[in-house]
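Take a look at the structures below.
There are two complexes below, and they share subunit A, which is joined by subunit B in the first and by subunit C in the second.
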Partner chain A sequence: MIAYVVRRALVAVLLVFAVSSASLVLTRLAPGDFVTESLGTHASREAMERMRERYGLNKSIAQQYRDWLAAAVRLDFGYSLQYDRPVRELIPERAANTAILAVTALGLATVIGLPLGVLSGSRRSGALAALVRAASVVLLSMPPLLTSLFLVFVAARTGWFPIGGMSSAAVTGGGALLDLVHHLVVPAAAVGLPLAAMLERLQAQATTDVIGEPFVLATLARGVPYSRVVWRDALKPALRPVASVYGLIVGTLLSGSFAVEVITAWPGLGKLMLDALRARDVFLVAGCAGTGAIFLAFGTLFSDLILGLVDPRARE
Partner chain B sequence: MRANSRTVGIAIVSVAAAIVFAAPALAPRPIDARFPGALNAPPTVPHVRDDDGAWHAPFIYPWTLANRLEQRYEQDRSVRVPLAWFENGHVVQSSDETRAPLLWLGTDTYGRDVFSRLVFGARVSLGLALAAALGSMIIGALVGGVAGYAGGITDDVLMRLTDFVMVLPGMYVALALRAVLPLVLPAEVVFALLAVIFAVVGAPFIARGVRAIVRSERTLDYAVAAEALGASPARLLIRHLLPSTRGFMAVEITLLVPAFIVAEATLSYVGLGFPDPTASWGTMLRDASNIRAFADFPWLLSPAVAMFVVVLGLNLAVQNQRAHGTIL
Partner chain C sequence: MRTLRAFVVITVLVSAATACRARDRATPAGGTAPVRGGELVVSVRTDPQSFNWFTKRDGTTQLVTYLTQARAVRVNRVTQETEPWLAEGWTRSEDGRRYTLTLRPGIAFADGQPFTSADVVFSADAAYDEASVIADGVMVGGKRLQMTAADPRTVVITFPEPFGPGLRILDNLPIMPKHRLEPTLRAGAFGRAWGVGAPVDEVTGLGPFVLAEYVPGQRIVFTRNPRYFRKDANGVQLPYLDRVVVQIVSDQDAEVLRLQAGQVDMSGAEIRPEDYAPLRRAADAGRVQLLDLGVTYDPDSLWFNLKPGAFGGDPRAAWLQRDELRQAISLAVDRKAFVDTVFLGAAVPVWGPVTSSNKKWYSADLPHPPYDPARARQLLASIGLTDRNGDGVLEDAHGAPARFTLLTQKGITSLERGAAVIRDDLKKVGLVVDVVPLEGNTVVKSFLVDQQYDAVYFRVGTTETDPASNADYWLSSGGSHVWNLAQKTPATPWERRIDEMMARQIAALDDGERKRLFDEVQKVFAEHLPVINFAAARIYVATSTRVTNLTPTLLRPMLLWSPDTIAVKH
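Entry: the complex of A and B
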């Protein structure tokens, strides 16, 4: 088990390294740099050269990459040109915001999706199961971009929820947490509901499959009530295929939260990276991409552990 | 129930396809025609009865600006403008296009007809998604086919690579690849560029499945026989093995198309998609990205509804229970 975790950690380090290096080099290769993007085309040649020298943008790509790498080993990820602050200071706050959004959405999706999946998967007929199925098909056709637009629309019309941002300026102290939760509802639902639909469909399919197996028939024949079989005996084997999807969901979660962050003005990693890409803020782009890769690595590791919990065969 | 919903899905997709083909006839005007006196004007609803209760052929009341600052409009009930059917190469228009235009879905912030832009935008958005899905299919078939046929190290390397691309959040990859190129490009270049980027991001999902199918088909008698008869690897792969992945491909494409529709919308929404005045569903949503659109001009959000309907139609048509929708 320890060897397994170590191996996964090594792969994760490699992933983070590859992703941040690639994004640094790609951003440097892009036409235009931070200087042209921020000074515009009318700046004098001397002013541009001075600025390039100050930020080290006049060095060759190879030289800049070497410098960045040497510093990164000491956990110094360079300076954001746009914010004039170290990347190391900028990212944690934004990354935490994205993590709050993603984890809440995943929790929401699990809590809503799995039980409803067991319910609709264990009943062939019935109004409730049909309703759940229909709701899932509708939500599957509403990716986070559309759910967030729809929810913001509802919020703007009804005034039930704030339509953007993460906190109200006026609220401090004990009310702050409540305020955060209030702001979190729309973005978390926007990311979480399509995921819930996906989990519901998977869980329903898995439950139906397991119920068809001989051991369920045998248990029923011994007189165990149907609902008890569904919710206890069939539950664990039915969770296996669903648990194996969680590893793929992490990427989905990050992609989905990007659209939602932009639309609901949630100050997360996606929004930071978008701004950095637009301004050709090379080190910040590399930092954001690397952080995203860290999320990804943790997510897949976490999902492997969950899979190991419900499926002994996966522990090998 | 299942058969019914499937029929509904097929109907939706057929209507969407028909709209794409008939766009120039359906749209009352080109995408960049502006009505400077009617910014953010609401839809004109066709009436058949006037205020006195008399019946007429379908007609509209023109909008008059009631409050320029708030962009509030009122119907001018004194003038009836009849609709003109099948004239000038358009299915239906107002008989007085310059002063009282027929606006099925109102106008946007620049005074452009939302319905016309939506219909022409369908060509761009759906065309791009389809082109990208076909691209994914070609790349995926190539990579998966070679990996499954060759086996060994080639297989290992190619599959590690696809696993790597698959685990990356597709939206970020597309974003990064798009952003390293000049931010403002002509529309045709953006179309080709996005199609290639999406094709690359979507290809691993196809490559994996193709590889599995090719691997198992390879050992079947007909493949062995073809090989024994001297078929070259390329011929064996293209003539015999890849055709067996048709069913899988068909399903995969219907999963990728919705994902690509949404990906285009997301990129255009954040300003990395098509330039103005090109109409795509994403650029239209970007124009709607302000609070007044949500509160006062809901017709600006019609591309979002169109996107939902098309994706739902595709999902119903193939009875899709999964979603690639959020992969990109």
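Entry: the complex of A and C
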């Protein structure tokens, strides 16, 4: 198991390295740079060149990449050009916000999606199962961007929830946690509901398949109640397919949450990265992309471990 | 300064078939008498890059500066006149080069430290620091102003040469606290002073508000500066508002929804064409107020690459840079139809880069040649472009079709639509236009860096209305002289003539003389049409109905340029 985890961790490091490097190089290759974005073009050429020199943008891409890489191995990911602050200072707070959103959405999706999947998978007919299936199809067909816009619209119309942000300016102390939960509803639902639909569909299919297995039929033949068979005997084997795609779901969750963060003004990595891209802040873009890759790598590792626990064959 | 920032291309309003109720822009909007107290919630698109306008020039940093800092002299954005602010007045020497500025007595920074002339001199030093990005804005002819503190309330400013706009230039210089920032400046670390990681109480100023909280990605909170120096006409201490909360909302759709839901009071920018209809409905329902600010200062612009030798070896060189081509294009585009099609009526036709909103410098005497495709064909024939094979397309002397590429910015509806209308109108006179929409940055790079393009259709942003402050657009040596940038010597006799007149215009101290000279400049410009303008859009902003006492202007920040007098209904 340890060798398995080490192998996975090495793959994760390679993934983070590749994603950050590609982001840095691609951002440098894109037309324009931080100086033209920041100063506009009315500034004198001397002022622009001075600023390029100050930020190291007068170096070639290869030289800049070499310098960045040399620093990155010492965990120094450079200075954000926009904010004049070390990238490693800017990222943790935003990454924590993204993690709060992602974990809440994943929890929401799991708590809603899996039981409903078992329900609809174990009852092929009936109004409730049909309703769940229909709702899942609708949610699956809507991208998170659209879902979040719809939820923001509903929140705006009803006034039940804040339309954006993570906290209110006026709330402090003990009310802060409740305020956070209140602000989480719209973005977590926007990210979590399509995922819940995906889990529901996967779990429903897996449950249907397992219920057709001989060992389940044999248990039913012994007179064990249907619901007990479904929830006790069929559940664990039916979780295997879901566990195997959990890593992919975590990846989807992250990319989905980036878009939702922008719409719902959730101050996470996605929003930071968007601002960095707009400003051509190369080091911050690389830092955000690298952190996103870390999330993905951890998600994949986590799902592999779960799969290993659910299905010992996977460890081999 | 006239800027060409691609990302700052002014979004224009087009969806209005009917104009909103116009307001007298000199009269505060909102109706009722201002009441002290309350909170204003504003949304912006991005975090500030710094709390120091001297080192970062993004829109949110500019807003922070308007809220927390003040100038010795400011330009009233409504009247466009220069007015004393922290200064109570000034005198000018006979030769117009030396100004003696007297500061108001008893003013203090928000942290209680007295404000003196040393702060003004320090601010100028900081502006000329290596890390400063505002130096160009406080220079005349590329040279620095000399400032000395004669006594704690007197500053003597010596200009390197006579400068018509005079102290207007000080509008570009917020006053920074010497007692806080001098050590940083002397240590050569001014570039990192007041970065967004700095504790908020480190930032102090003479403006109406004090920075109280910054939560990255979420909001910036400002509270009233109890030491602010201004009172209103009734002796009420300004600012009226207790607090300003600036929320950071990246997505403009979400921003509009928040405005409609009453969760924000105003946005930092004008509204987009596509938002006009829902906001109009919300205004009719009494949920928001929609303000018509008038015609933009920034009309759309079409120009050709007029750099000598730009088309070396290309047979099209014989006609692509000719005046007659541009004159023909100007005649071949039906501006009335252009306004209706591209802006759905929410714009006015224009024939030059200075629009009627710029009342002081607009020349009403310029010719407005009507739509005349027949005359356009004659002009094209005069440079050898005729339909030699009867296929409806003009050919040059070598039989090659008269064809050029027009670059424009992708994603800006009015530019994309405008380019399509130009293409269709020019097709009617036999010119073939290949419209290429590109990312804003790529368009800017093509004419600013590579300088390899046929023609560009774009919008140039203005941050000042005085032509002397936009000299880099008019002068052949200017970095914003888009059709042929930064010439060592004028490439054409008419550019030389404009240079001479602009040099006199910039140096003249008499406003009448300056106007006469600038009218002449515009006349020469109109004759040679290095840039063709077709339309200028109307600009609208929306606020919640509880906001009162607004004095909106066309220059950004349109509503918050004078935050001390804004009030909200309780």
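Criterion: the second predicted complex is superposed on the first by the 316 of 316 C-alpha atoms of A that agree within 3 Å, B and C clash if a C-alpha of one lies under 4 Å from a C-alpha of the other, contacts with A are read in each partner's own complex, and residues count from 1 in each chain.
Here, contacts are C-beta pairs under 8 Å (C-beta built on N, C-alpha and C of every residue); 3 or more make two chains touch, one makes a residue touch a chain.
Note that the coordinates shown come from a computational prediction; the quantities given were computed from them, not determined experimentally.
Taken together in the superposed arrangement on subunit A, subunit B and subunit C clash. Legend: residue contacts after superposition of the two complexes on their common chain; A:Arg45 is shown touching subunit C, with no touch to subunit B. Residue contacts after overlaying the shared chain place A:Arg278 against subunit B and subunit C alike. By the touch criterion stated above, A:Leu178 is placed in contact with neither subunit B nor subunit C. Once the two complexes are overlaid on the shared chain, A:Arg94 sits against subunit C while remaining clear of subunit B.
Residue contacts after overlaying the shared chain place A:Ala265 against subunit C, while subunit B stays out of touching range. Touch criterion met: A:Arg85 reaches subunit C, while subunit B stays clear of it. By the document's definition of touching, both partners, subunit B and subunit C, reach A:Ala156.
Looking at the shared chain after the overlay, A:Leu14 reaches neither subunit B nor subunit C. Contacts of A:Leu217 after superposition on the shared chain: neither subunit B nor subunit C is touched. The superposed model places subunit B right into subunit C at 404-412; the other stretches listed in 404-412, 476-484, 530-538 or 548-556 stay free of clashes.
In the three-chain superposition model, subunit A touches both subunit B and subunit C at residues 30-32, 149, 152-153, 156-157, 163, 262-263, 274, 278.
Put simply, subunit A touches subunit C in their complex at residues 30-32, 36-45, 47, 50-51, 54, 82-85, 89-90, 93-94, 97, 149, 152-153, 155-157, 159, 162-167, 169, 262-268, 271-272, 274-275, 278-279. Contact residues of subunit A toward subunit B in the complex are 19, 23, 26-27, 29-32, 130, 137-138, 140-146, 149-150, 152-153, 156-157, 163, 194-195, 197-198, 201-202, 205, 247-248, 251-252, 254-256, 258-259, 262-263, 270, 273-274, 277-278, 285, 289, 292, 296, 300. The touching residues of subunit C, when paired with subunit A in their complex, are 1-8, 46-47, 49-50, 55-58, 130-131, 133, 135-136, 142, 191-192, 195-197, 213, 215-219, 221, 245, 247-251, 253-254, 257-258, 260-261, 263, 439, 441-442, 444-445, 448, 461, 472, 479-480, 486. Every residue of subunit B that touches subunit A in the complex is listed here, in rising order: 1, 5, 166-172, 175-177, 179-183, 258-259, 262, 265-266, 269-271, 285, 289, 291, 294-295, 298, 301, 304, 307-308, 311-312, 314-316, 320-323, 325-328.
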